[in-house]
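In this document, chain identifiers A, B, C and D correspond to the written order of the chains, with residue numbering beginning at 1 in each.
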Amino acid sequence: MTDSTTTTDVTSSELLAVVASRELAARRTVFAGIGLPTLAASLAHLTVAPQLEIVYESGVCGAHPSHLPETIADAVLITGAEAVLSMPALFGYVLQGGHIDVGFLGAAQIDKWGNLNTSVIGDWDAPKVRLPGSGGAVEVMANSREVFVVMRRHDPRSFTEELDFCTTPGPDRAREEGLRPLGTGVTRVITELGILARAGVGEELTLVAVHPGVTVDQVRANTGWDLAVADTVETVRPPSPDELRLLREDVDPDRVYLR
Amino acid sequence: MTDSTTTTDVTSSELLAVVASRELAARRTVFAGIGLPTLAASLAHLTVAPQLEIVYESGVCGAHPSHLPETIADAVLITGAEAVLSMPALFGYVLQGGHIDVGFLGAAQIDKWGNLNTSVIGDWDAPKVRLPGSGGAVEVMANSREVFVVMRRHDPRSFTEELDFCTTPGPDRAREEGLRPLGTGVTRVITELGILARAGVGEELTLVAVHPGVTVDQVRANTGWDLAVADTVETVRPPSPDELRLLREDVDPDRVYLR
Amino acid sequence: MTMREAVSSFVHDGDTVSLEGFTHLIPTAAGHEIIRQGRRDLTVVRMTADIVVDQMLAAGCVSRLVSSFVGNSSAGSLGELRRRVEKADPEPLVFEEYSHYGMICRYLAGAQRLPFYPLRSYGGSDLPSVNDGLRKVTSPYPGPDGEPEQVYVVPPVNPDVTIIHAQRADRSGNTQIWGLTGVQAEAVYAADKAVVVVEEIVEDEVVRSDPNRTVIPSHAVDAVVACPRGAHPSFAQGYYDRDNAFYRAWSGISKDPATLQEWLKEWVYGTADHAEYVSKLGEEFWDSLAVGEAMSLPVNYGRRLG
Amino acid sequence: MTMREAVSSFVHDGDTVSLEGFTHLIPTAAGHEIIRQGRRDLTVVRMTADIVVDQMLAAGCVSRLVSSFVGNSSAGSLGELRRRVEKADPEPLVFEEYSHYGMICRYLAGAQRLPFYPLRSYGGSDLPSVNDGLRKVTSPYPGPDGEPEQVYVVPPVNPDVTIIHAQRADRSGNTQIWGLTGVQAEAVYAADKAVVVVEEIVEDEVVRSDPNRTVIPSHAVDAVVACPRGAHPSFAQGYYDRDNAFYRAWSGISKDPATLQEWLKEWVYGTADHAEYVSKLGEEFWDSLAVGEAMSLPVNYGRRLG
C-alpha cells in the first residue's frame, strides 16, 4: 500500500489499529466491536489511554481476558470481568445514558456527513446485497460523545455522495428532523489511505492526514464526493517499533486479527 | 367483638387472617404486605392454596423464611428465596406485566367503589393528618387481577361516601378518565364485622357475609354510605380448630402479629 | 418435559416465536426441534438472527423475521437468509428491521405491558421509512431549550412463546444464568408462554442458595426442558466454549442450497433429538470445547441467629 | 475517600440528593454526615422517606421532598415530617407525592436520558391534581380496541448526586450488592455524581470472581467510601440485621421536637463520624444484630484451556 521503508513489513490491519489507538488518547470509555476496534482499544490501553475502559455491546464492562477475544461476547471476556450487565442496562443506562466517550463503528458506505449504511446495497425492498443491518450502530452513533469509523476499503463505492440507505444517521440528519442526539457523530474516519476528520455538527468530513507515500489526489480520487481537504495535510507517523511490538506480542500474539 | 362460643378466644387479627386466607383458594400469585396479608397468605399456603407464591413489594419471589418476617424486606425473606428481583423488574415485569392474581391492600379510607385513600385526612395541601401515601398501592390496584382489602376498623370515617383524597383509584375511576387498567379492582373487603364483595367494574361493594353475632344493621350503621346488601347474607364460618392451630403453631408461633 | 413435548405444546403453526440469547446461550436445540416438527408460517423474533435462524429459514418454518442484525456474527453470511431477502428464493421473507436497542425496547414494552417504549434512536434514519413500527411521540414536558421535544418510540412485542437457553433451573422453573444475561428476562416476561431450556435441572437448594442469580422466577415459566449442550454452536459460560470453527464453516454450508439441505438432513432430520446430535458430534469434539474452572467466590446471605 | 470528604465534595447547599435503599442498605451514615456538615435547602429524593429523612428534616437540611412513602415503615410515624407537612412547623416542606412505580420510572427515565417514562398507573387518581409531574401521552399505536390509547408518564429525575449503601466495592468503584438490590443502579445512573458507601472495600479479585454480582460498574461511580455498619438501623444482608427496636422507638423520639433534637445532639452532632456512632452503640449491641452464615454455592465462570 505504501512503499515507505518503515512500514514495509506492517500489515493494513496493524496500521489501522495503531492509528486508531492514538486517537483514543486520554479517553475514558470506548464502546468497541471485535476486530480492529478491540485491537486499537487494547493497544491504547497500553500506550496513550491507561484509564481506558472497553465496553462491549454484549454487556461486558472492564474485561480482563486471558486470551484475545474472538467475538464481543467471547467467554474469556466474561471470566474475570469487573461487571456484566443485562442488555437493557447496557444500552439504556450506559450507552443512552451518555457514559460512552468514543464509539467505534464500521460500515459498507459512509457519506460526507458521517452517515452510515450497513443495511443494503441497492433498494431496501429488493436489495442487491442484504447486509447485517444496524446491530447497535444506530444507538452508538446517537449516544456516544464521538464516533470513530474504521474503513478497510477506501474507494468511491464506500465513500459515497449518496448512501443506498441510511441505517445510522449522524446528528446532522437527526437535527433536520428536529431531534437532538447527544454526541457529535463521526469525528474520525481511519482508512488505508489516511484520516478524515470532522469537528462537529454542520461540518463535512475533511482530509487531515495521509499515510506516507499516499497523495491527496489519490485520496480525492478514491472518495465518491468532492472531498474537502485541510489547509495542512499531515503525514501519518508510521507505527513505531514499540507500538508494533506491543500489538504483536502483547495484544494479539496468536495473530487472531493481525492477518 | 362477637360472643360466639367458638370464637371467644379468637383475636381480631386471627379472625381477619383466617377469613382472608380462605379467599385465596386456588390463587397462584399474591402481592402481599407484612402483617395480616402475610399471615393470610402463609395460612392459605398451608390450607386452600398450596401452589400460592407470595410476591413481596421489596422484590422477593418464593420466600422460604426461617422466621416469620417482620417487614416486607426482612433478611429472612431473602435467605433461601427462589428469586430476588430489582424494583424495576418487580414493578414493571411482575406487577404491571400482569402476573399478580391477588393484591392485598389496606387504607385509611375506602369508598363504595373500592377507591382508597392513604395520603391525607383533610386537605392535601394542609392536611389534618399526613398519612404515608401510596407506596406501591396505586400499582397494585391498577395491575392485579383483583384486590383484597383488609380493614381492622369498620366505621363511617373509614368506610366513607367521599374520600378526603383518592390516592389509589379502582378501575371505575380510571375508566371515567378513559384508561383501562388490567384488573377488576377491589373484590373483597374483609373487616371485623364481615365481608363486602364486588364482582367487577360498575358494581358497588355489597355486604355478603357477617361474622357470627353481627347483624346487617350493625354493618350498615358502621358504613358511611348507603350499603348495598346481598339477597342472602351468609354468616362467616368461624375459624376452625385446624386453621387456628396452623396459624398459631406454624405461621406465627412467636406471635409477632397475632396480638 | 422433553424438548419434543415442549415444542409440540407451545409452538404452533403461525405463532410468533422469540428465540433470545446474545451470542451466549442461543437456543439452537429448540430451533432444531421446531424444524423436526415441521412448523410453518412462524414469525421469528430474534435480535441477532444467526445460524439457527438461517437453518429454520432453510427448513421452511419462517415467513416473517423481526430482527436487528442478520448475519453470521463476524464470521460471514447467512446464505439462506440472503437468498430469501435478495431473491425471494425459494420464497419471500417478510423482514422487520430494527436496531438492537429498538428490539430491546420492544421487549421492555412487552414485558411491562406498555403501549410503547421511547428511545433516543432513529432521528434521521431511513429505517422509519421502511418500518411503520417506528413512530414519534411529543413529550408532555418541555425540552432542554424550553421547546416541545420529540422522541421515537417502538411498539411492544408480545410473542406467543419465548424460548431461551440457560445454565440451570429448578423443577418449578426458577432459572439461573451467569455470564451474559442479555435480554432473556424481558423476552420471557413479554411472552404469553415461556419455555426455558437448561444445561441441567438442579435441586431447589442450589437455586435458593443464591436467589440473586435467578434471572427468571418460576411464575414466568411454563416449561423447563433439560437439554445439555443445547446451545451449540454457541456457548454456555462455565459449561462449554463456542464452536468458532462451525461459525466459520456455516458461510460455506449455507452458500449452496443443496449443501445446506444436506446438512439439515444429516444433523437435524437425521437425528431423533438433541441427545443424538450431541453423541453424533462425538466425545473428542466435546473435549475440544471443554472449559476449566473459574469459580465465583461465595457471598454470605446471612442466617438469623436464635 | 472518607465520608466527610465525600459529602463535602459532592453534596452542596441547594442540591438535589437521592438517597436510595428500599428497607435494605439505607445510607443512614451519609445522611448523618450531611447533617453534621449543616447542608441547607436540599431536595431529597427517596422512595421510602423514613427515619433518616425525618432526621435530616429535623436538622433543617431539607426544603423539598420527592417521595412515594412517608412513614416509619410499619412501625409508626415520622414526627418531624408530620409537623412540617401538617403545620409547617418549624417551617414548610415542599412535598412532591408519587407512587413507588412512579418514582422507579422517574429513575428509569433519568438513567436512560429519556424525556419521560410511561406507566399504567394514576388513571382516576387525585395525585395528578396535586402533582404537575404526572401527565398523559397518547400512544401513536391504536389500543386493543382500535381506538387511541392514553397512558400516564412521569418526568426523569436527575439528581445532582445519588448516595447509596452497598455491601462491597473494589477501589475503582465496581459495586456488588446481594439480597434486595432495589432501585440503586437506576438511581446511580440517573445522577450527575454518585457516591457509593460500602461495608467493605475488597480486592479486585473478589469482585472479578463474580462479575454478574456487580450491580454498578465503576464508570458510574465518583467516590467509594468505606463505612462499616453505615446502614444502621436498616440492615446489610449477610453483615448485620435490622434494628427493629430502634424503628419502634423512633415514633416516640420523633413525636416531641425537643426529644428529637436531643437525640440528634447525642448521636449525630455528638459523634465525630460514623465510627464513633458505631462504637458508642457498643459491642454488645452489635452482637445482638449479628447474623450467621448462609453461603451461596459458587458457580463456574469457566477458563479457556490451552
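By definition in this document, contacts are C-beta pairs under 8 Å (C-beta built on N, C-alpha and C of every residue); 3 or more make two chains touch, one makes a residue touch a chain.
Everything numeric in this text was worked out from a predicted model, so none of it was measured.
Colleague: By label order, what chains touch chain A and chain D together?
Modeller: Touching chain A as well as chain D, we find C.
Colleague: Relative to chain B, which chain has the most distant C-alpha mean position?
Modeller: A
Colleague: Need the CA-centroid distance for the pair chain B / chain D, whole Å please.
Modeller: Inter-chain centre distance comes to 28 Å.
Colleague: Rounded to a whole Å, what is the gap between the Cα centroids of chain A and chain B?
Modeller: 58
Colleague: Using CA atom averages as chain centres, what separation in Å is found between chain C and chain D?
Modeller: Once rounded, the distance between the two centres reads 36 Å.
Colleague: Quick check: what residues of chain A touch more than one other chain, meaning two or more?
Modeller: Residues 60, 75, 78-80, 84, 92, 96, 143, 182 of chain A each touch two or more of the other chains.
Colleague: Using the touch rule from the top of the page, what residues of chain D touch 2 or more other chains?
Modeller: Residues 108, 112-114, 119-120, 143, 149, 151, 179, 181, 185-186, 209, 212, 237, 241, 291, 294, 301-304 of chain D touch two or more partner chains.
Colleague: In graph terms, with chains as vertices and touches as edges, which category applies: line, ring, star, complete, or other?
Modeller: other
Colleague: Under the stated touch criterion, can you name all the chain pairs that qualify?
Modeller: Applying the touch rule to all chain pairs gives A-C, A-D, B-C, B-D, C-D.
Colleague: Flag every residue of chain B that touches chain C in the complex, lowest number first.
Modeller: For this pair, the touching residues of chain B are 28-29, 53, 55, 60-62, 64, 66-67, 75-76, 78-85, 89, 92-94, 96-99, 143, 182.
Colleague: So in the complex, which bits of chain A are touching chain C?
Modeller: 33-35, 57-60, 70-75, 78-80, 84, 86-88, 91-92, 95-96, 115, 119, 124-139, 142-143, 165-182
Colleague: Which residues, counting only chain C, touch chain A once they are in their complex?
Modeller: Its residues touching chain A are 22-24, 48, 67-71, 73-74, 81-82, 85-86, 97-102, 104, 108, 119-127, 130, 143-144, 150-152, 179-183, 185-186, 235, 237, 241-242, 244, 291, 294.
Colleague: Which of the residues in chain C end up touching chain D in this complex?
Modeller: Counting only chain C, the residues touching chain D are 112-120, 135-141, 143, 149, 151, 153, 155, 167, 176, 178-179, 181, 206, 209-210, 212-213, 237-239, 241, 290-305.
Colleague: With touch defined as at the start, can you tell me which chain C residues reach chain B in the complex?
Modeller: Against chain B, the touching part of chain C is residues 108, 111-114, 170, 172, 174, 185-186, 189, 204, 207-209, 211-212, 214, 216-220, 301-304.
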